[in-house]
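What follows is one structure encoded as structure tokens, with my remarks underneath.
Order as written gives the chain letters A, B, C, D and E; numbering starts at 1 within each chain.
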């Protein structure tokens, strides 16, 4: 789990609670809640296929969970495979396949072990990367859509409130509380968009980018193994995919291993 | 039909009805309806060729209907064609052409059966994909345009209402109901954009993306058949186009067939 | 002329007239007209070279006129040239050059007749397509710019009105009519943007896209002729550029010709 | 100087003067001027390196000056160089280098005269084009930034004004003039963005595009000369870079020269 | 340090102080500060991985510091390496590696000294450039996000203030000061976005672009050295990466060296 997601959520809630103070009951209005949430979820359902839109809350939960993307471990694995393939031949990697967790790496290596042409392996893995990217984007865009329609239905709620309020504007002393309620949908719409929908979408997008990056590294590694490149050259190439921090960590751990 | 479109529509309507409550008559105003709808449809007609803009309601209906995109069946078909072409020769596929439903697959296979050069087949099918993409975008953008002009004409209606209202501002007691009516066009514009125009556009766009994806799969499949590739290699390549769920379904169904 | 442009314009005007009703005189204000129109046209002139910006009204008229883009006729012409070139040699097409209306097709064919290398023909025609695209975009973006500055100057007019109004706010009974006038510039800005400037820009952009599409078809056709490809293969390739409707029409007309 | 820049500026000023009328003094407020201008220029300075942001007024002046981009003369020059290189050899162009005004053309031709490999010449000139494009974009984006921050600081000024005004809201009769002043910063921000910053940015961007276009023409011309292509083929290729108007002018002038 | 960052910051602060005048205490409100800052920082934390979002203030400080990007020195260094490699062989550069400051240049040269294939060197360095670009974008987008959420939470704060205010609207004389406070969050949100978050993001983005540019130059230089190109041809190519100003400075300094 990414700690910043939780800290961020806590800060945002503290900010709201702080702002509302003791009058919390005032900003709670059930009809406003239904207009904003049902309306915007409704529009999101229209906009996305049921295979994605019905999972909207799962998608948000996915943003909170945060599977570690371990480029260092991946590089080490690829390096050891490269050495083994050189020593004992490509076919020797077959026994390692079942223990590989990443589908992408396992499928790619299996194709390599099966003797598939490098060009074909590259093509297959690139299609898989495209599909992963598209699948992620399909999921993340559900939250983007919700984040766009929540303020829209907030405004629709406020407009309905204003139209009803102004139509019967006779007693000026009642305009305040009624307008207060009319505004609550706009507030709800903003809160949904700016806390629940859009920030998690952004986090998922960043993570998908990191995964694509790792896939590129794996692709280069597999091609290097298939073509029988020197493991050290492969290592050099794959190290280029690490962030500065990861590179330092990788190199210091190599030093330790050397002992 | 995509169930989420209907559920979404129902939710959005419930939200509005819930918000308006017993005073539904208040938010109905015929002149406001004409200003917003005629104005925004008018602008949409100016913006798009008649071949597309006159079909605006058909396009919305198309978003509600939801033809299934069956990648698994397509993969099975391509696999059986690949095996048949290997066993009995390319020409043997000619008898299967009439029973193929997808224009794209049939046209591509016919070219292959006719002995067209693979490079040319690729070019023809890629042009077809470009044209499909452009055609879909031309259609979908009609809804985008409506979704952009509806709030604009909603605001124009409200501005006209305000200008007329303020010009004769003498009796303060009448300002409320008049302003209420002035605001109704903005409400209508928002409802059109956020329920009727933009969400269906998004759904059509997602679907077009899935179709393009399937076309890419068919293209790879046909090229593989023409080049006489091993059916299993082709299968491996095309499986990369399936979503995770589809892949599981495909593999389990293969297992069953094996019995 | 595209019928939808006229119908759209009529609908938009009806909507406005309907909204204003009998008080049409109220929304007419000459100074507001000058602020909005002169200001936004001024900004547009600053933003675009005089060779384009001074022709702003011609550009709008161009959107109303609607030269037919006849892909079917173009395909037939290319097919007949292809057959003739096969039968009588490339040079025989020279006599057809003067009767060709499309500059693009004529220039390309002339280069072909002159024996220019196919690679060079492709390069020349692709530059021409780029230039056409850029030229169209330069023209269309004048309207986009106007459509962006018209509401901006509408708001500037309203701000000026409000500043002057509030500065001398002594007699509350005069605030209504003055504010009414202040708002008229915003109304004018919206009307210009949403009826006169942006929708025609969109239509011109769609049309330019169709023309580029036709140029791509002509380019493929000429290359096919120069390389002496079979006319039927060329036909098959070029048919991929037709929309579904055009394809049906083309094929049914071929059937008739066959009688 | 581009006449449309001046005409546009005049129109915009007339529009404002017309709108304000005899009460010009009312919309002048020195503190408002400082808040809007200093604040937005400050933000622009933070956003851009000093090598660009400190020249913000020079950049605006550059938009007003308008160096002619003479594609016809350039084509003629390249044509004459092509003929000379054919007749007297590449080396004969050395004597023409000092008289060439365009750095891009001169540097490219010098490389050609020095016997640089065509691939290398292409690479060098393409880097130069990229750098020119980036340099222009760096400059133009300073104005875009100012155009974005000016309305933002206009709104900040108005917000400050409102906060101060509302805090001491006791005498309702003073609210008008104070609010009038509060709004002036928003007005200033709009005027800066929509007259001084954004339209000139657009004009500079259009001009940079034309220059890039000419560079593409020169690049093609030099490559053609180096490869010893027929001058007429080169002419045909380069004519594709001319606009329709330029082409007519070029051809008619050629006719005259032929006398 | 880039002087324009400091000047810009000073100007913006002067503008605000000037606008507020002697009533500075009025625009200070601690709860408003917490709502806006905590809320928007919270949303930013949700949106970005903790490895980046927790460093938000470091990122801003990085925009203020301004490491010089010295293209001229880099070109000189590459030129001297090129000459040395020609005279004494590639391997002679090994002794220079430790003294090279730029990681990118050192890693690239080391690969060259190690005899890595030029294609592989190109691939490794291009991956490094992609990674640098992505890393920078990941950092900069934290500020973009803050700049987007700060006004959003400013508006949320104002909405909460309005809802609470209107709900208990009984004594009209208290509406002014309460509304004043409600507006302060919007003011804070605007100030954060337009001074602290967005302008530094822009400056970092410009700088990253310059660094990428320098990396392209280094890449070309190393490839040129590996391929044993003439140092003068390399110099000519790399000079194309210099800005006009840098080119003049480089050439005049070369002249001096010639003495």
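In this section, a contact is a pair of C-beta atoms (placed from the backbone, for glycine too) under 8 Å apart; a residue touches a chain by one contact, two chains touch by 3 or more.
Computed from a predicted model, the values in this text were never measured in an experiment.
J.: Going by the stated contact rule, which chains contact subunit C and subunit E alike?
T.: Correct list: D.
J.: So which chains are sitting against subunit B and subunit D at once?
T.: The common neighbours are C.
J.: Using mean CA coordinates as chain centres, what's the gap between subunit C and subunit D in Å?
T.: Taking the mean C-alpha position of each chain, the two centres sit 25 Å apart.
J.: For subunit A and subunit C, let me know how many angstrom lie between their CA-based centres, rounded off.
T.: 40
J.: Spell out the part of subunit E that touches subunit D in their complex, as residue ranges.
T.: 2-5, 7-16, 18-21, 23, 26-27, 63, 66, 173, 175-177, 179-180, 183-184, 186-187, 190-191, 193-195, 198-200, 202-203, 206-207, 209, 213, 220, 233, 236-237, 240-245
J.: For the complex, give me every residue of subunit D touching subunit E.
T.: Counting only subunit D, the residues touching subunit E are 31, 34-39, 41-51, 53-54, 111, 116, 120, 123-125, 127-128, 131, 134-135, 138, 145, 149, 152-153, 155-157, 159-170, 185.
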